[in-house]
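Letters A, B, C, D and E mark the chains in the order given here, with residues in each chain numbered from 1 onward.
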């Protein structure tokens, strides 16, 4: 829509997805061309710095952005005074069901999802083919286990160092992604529900333990030394492992290491969870918010831009092709995703074969880094029994929720 | 071109328990050349530094042309100074060291160069103008320090042992140069030295200090001939005055091995002052002790039988380190009268030039 | 207790274009007291520093007891040194400064204390033992530097102008102390001084240097009476030898205002060496120029008519800065023969003590 | 009272207490190592030998790279370099670095020392060069060996440098964050988490600002007390020349 | 004897030097590898060898403009900083009052304050006077870094004899002249040190400029962090970038060394 006011407006965008910095800038430039009265300045924060403090400083210095990104309910709580209600935007109306629930309250929507993401076991097609295993068939834990054992026994022939590369250092792969699989069903795949829950059930913890043990046992060792870059760049992208627990976001990294490998050899299957077979956990990790302290004109321009980005024809093309986003919005049905992993996510989500992301309910709270992560790591490095780990996590949750 | 008054000045260094300078009272006339002498540590540099404004004056007033200057910053006193330890700027060349004061005053560059070159020539530093102080010999550094002062036409020059590290020949030359500078500029000079020749030849007046106190102020002649106390007599002259413990008895000064007649005039004064039959100290300068035949004949009543212990031949004169009774003394005799150590020599005191000092107050009686 | 050989030593400082020391060749006997003299900047300190091992020797060998020491670290040479600029440890008290060398050698504490206390007493520093150098006067610092050396019983003592900042009286005392120390220890001493009295009285042999080169090595007597060249003659003695440009003609030395008879013996040598009718330089010491009637009578053929320009009364002697023709010279006369500036005075040269120098080589002819 | 509760809560906050001890141990070790090595390097490169200037540059170079890259590089050294070396030499202790608190600790120490000793070095150099040569010479003449010259002359005379470097290494040791983040990120299970990271995490990751403030306050008081007492005490021993 | 210790020192120097250089070997060698090559083996030499990273990194960093920004900010801040801190230290050191001692302690304590705890009010203040740009940044650097610099200067000043001030003052120099003509030149070895320490700190700083600078004034580190996404870290470009960005600093350092050495030969005379 080009219903923007005649007066010149400048909007500033501050966002935390540094890898898309260049693309956002290109898109902004393009938008400026078609909307001569609007100027857009994009700033991306990342790398070694935390996004939150920067946003806070920008706000307090009177240099607040018009559009900023939020990472979930905890962020929203912090910046609620600045987040405008976006429920009347076209984009909000087009957002896929459930994608805004984590940033909605009292019927108001404060954030627009960047995209949706999904994770599972990203696997190496060649290895599986060589091992004679169809990854699509690994729908249950037992099947997975059998396949893992088989691959492991043929490690040398397959030319791999391990079945998995489990990044013991990157605690979020356990505490966010893996744990989510066993919590989501209990909380109806709804982050807000978990966010408001006084207790943590975690009744399926044994299943998680099993998966954890499986990954650890058949991983490249020592797991405690592995981090994201070792897992993705070094082991997976170099064809040294059969699969890793990651999501569609690793595609650019894999591609940057070995383009051919990325194009030909990469696929993703859901992690088998009892009762949730064949479903991929799909969710949103970042949301756009519009600063409600800015002038109405500026807010309007910001909303127009977001609407344009996610609902206009040109914008949609950029979302998919430039940003490599799996859209969180309706109206993309005829578009082809740019890479194999996003395609998988998109396919699952289009078919509705998804489970939810409940972990945004605790990322950004102290439970995640202070309770979940250290306890899981302790278990992983053999310093703590599983029972104790589970108890600790539960009591930690209860303690946090009681003081909220 | 200033009159300087030091009014009962005291100085105590922070944390020190004693005063470094006590009751220093001196009036310096316009254009005077004052020399400070005194034993090491007696407060000469301290006084100079107070005049320069580098040390706070603990008590008393320092005045220039009647104006109290105690609180005036050094830079506003228009003083040129040679520091005892040179205080050269290590990062500047010799030229820049000397030109610094002039440059600060925005003196015309060409004139500065002229003056520095002139000074360097006088000081024999022409070849070293581009060097840094670290690459100079001790004496060369001292000359740079001197050069830094003499290029300026300050109101007051403070020179703290400016020639101590120079060889005799250069020292004589420099002395002349400084004297000429003083004459040409007509400014006040205060000069600290340990070299008695320098003190005697350069000074209009000498200030002799001891343990922070002025002992005597006077012309070289006065100090030499009319020392106010034993200290001055013992300090001025090199070697210093010899002292003998004697008793005034029957017109003779009587002591251990000494039995010399006191000249009439002197005796009268001594008796008048009530020293007859009393102990006092007799002072005779080395150069007033003679060993030539002719002198022995001239002063037959004033001879002693001495033993030479060491003899130093110094060109035309010879020092005889001698002993009479238990008293050591030095005689400076003509080299013609050279004696070997161990010689027993008869020597005559030129008693008309002798001095007498009270044993308690150490003040000069005559 | 060592023999020291300096074999044709050269020194060039990094970045300097000239040699600071050239072909320095000297053999020092066991227990000798050597004094270095020479004009400021002639290379005395440099030589000392090479001996100490503080400067690299550019060329030549330095040997102790026959062993080449060029590469031996200073600490292993067992040397005690007084630096020209003291080089005190600013962070240590006077006591610690003096005790440092002994402590380093793990000398018995009690003995160290005894020695330092003794040295402090000699040096008059007893009251200052607890002070840091910054709170001392210039002379006191120099005494600490001296104390640091004398508490040690090193093999070789290097003293670089150790008394320059002391008053005359103290200097005489210190001189004696150093001489006694030398005697007691029987070690080698190398002593740099600008004070001719010090040089003359203390040295077994004097090394006189100029522009980095040794001019003459000899006993004080030799240097004074038999200078090898004009430089030595002009340097030793204070004031220095007077020089006159003369021509040898008819048995007379003839020059601007000078017409004096050359004694027989001297003349013969001059003629033999072919100087008859030639120009040369006549050297007469100030103390060999007389103004007394008796001298004028004694040397009737060797008088000049001089004009006194400045006269300095120095106790028993008086310096007459005089002029004959266009030549300036100094006469040291008895104070009885005092003359006012401006006086025209007849003076006699004691020609038997005169020296003659070749105008080209400046070497002594007689 | 609410504020006070935040402080008492710290006493039972195990991670905070653990971070405190970990940091303290780290500070003690690095302060010693950095000053010893920094000063050692300074002494080394102030010797006159060919290449001493080059060495200075080399020792200082680690300061030119920021925390992230540093962590990256060193992770590879620890995980791959050490492992390769360990296998080659059959030194098992070289394997599995950064996987537990102990190797994590020493890993942090190594990286910190590697990076910061050049920094400390150039401070010491600046002061070393201020020592008048003549005083060193005097000590040589007095017979002091190189070590004695160092302990009795050089070291007392660079006392101000020691004060500064102690202060810097102390306060930096307490405040260290980048290296912690990039090398171990506090892991495993927060066992290598240091105070600064603990506070930042409390504030930004957990959003518990009140607790973070209380921690920061305690932290600041401790650091200030230790560092300033050190400065005060050391300055007393310095002399003006 | 002298020889032997020199050889020993030389060998020790070489060994330590290699130890210190090893990580740089990794940086440089990996910057010539393909992304795949980097992770195939980090420790080995580049194979295949590529210099493409440099071109790409040069472009991605907008190298010329961010280099210019970095240079302007670093040079101006450091100059200001040296001026302020050396003057401050001079004033504090030469004045032996209780107040100056206390002031110094205040400066020193200021170093203990973690940046994170002041960054919000700081930027708020600068923002309110519209000073969130490179000029504001320079002032912030002066503020933040002067404590250490003063501390460093203060220590060296005590070894510059007061006689230097005295000599100059007697020659008629006022405080400012004494400071500029005598003290500052004599401080030059320390100035070089202070400059080096601050240059590397400011040159590499990320956090503060990221809060303060508008896009057009981005410095090299700010651009560099575009290589570090949450998931995608473009090490090949980053390492090339790092190599590019430390070259100016190393050049400066080598150049500064000359100065330090020179400062020493100018060195102290009693």
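As a convention for this text, contacts are C-beta pairs under 8 Å (C-beta built on N, C-alpha and C of every residue); 3 or more make two chains touch, one makes a residue touch a chain.
Remember, predicted model here, so these are calculated numbers, not experimental data.
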### Task
Identify the chain pair with more contacting C-beta pairs: D-E or A-E.
D-E
### Message
Using CA atoms only, can you tell me which chain is the most central one in this structure?
### Response
E
### Query
How big is the gap, in whole Å, between where the Cα atoms of chain A centre and where those of chain C centre?
92
### For chain C paired with chain D, centre-to-centre distance based on mean C-alpha positions, whole Å
58
### Task
Would you kindly tell me how far, in whole Å, the mean C-alpha position of chain D lies from that of chain A?
37
### Query
What is the distance, in whole Å, between the centres of chain B and chain D, each centre taken as the mean of its C-alpha atoms?
60
#### Entry: Multi-partner residues of chain C (at least 2 other chains)
73, 85, 87
### Query
Which residue numbers or ranges of chain E touch two or more of the other chains?
116, 161, 206, 228, 233, 235, 267-270
### Junction residues of chain D, two or more chains touched
66, 68, 72, 132, 134, 157, 200, 239-241
## Note on the structure
Per the touch rule, the chain D residues reaching chain C in their complex are 132, 134-135, 137-145, 148, 152-153, 156-157, 159, 239-241
## Note on the structure
Within the complex, chain E is touched by chain D residues 41, 44-45, 47, 49-66, 68-70, 72-74, 76-77, 80-81, 84, 114, 118-119, 122-123, 125-127, 129-134, 146, 157, 160-161, 163-164, 167-168, 171, 175, 196, 200, 216, 220, 223-224, 227-228, 231-232, 238-241
### Query
Which residues of chain E touch chain B in the complex?
161, 163-164, 166-174, 177, 181-182, 185-186, 188, 265-270
### Query
Which residues, counting only chain B, touch chain E once they are in their complex?
52-54, 73-75, 77-81, 83, 85-92, 100-101, 104-105, 132-134, 141, 148, 152
### Query
Which chain D residues qualify as touching chain A in the complex?
15, 66-68, 72, 75, 78-79, 95-100, 178, 181-182, 184-185, 187-190, 200-202, 204-208
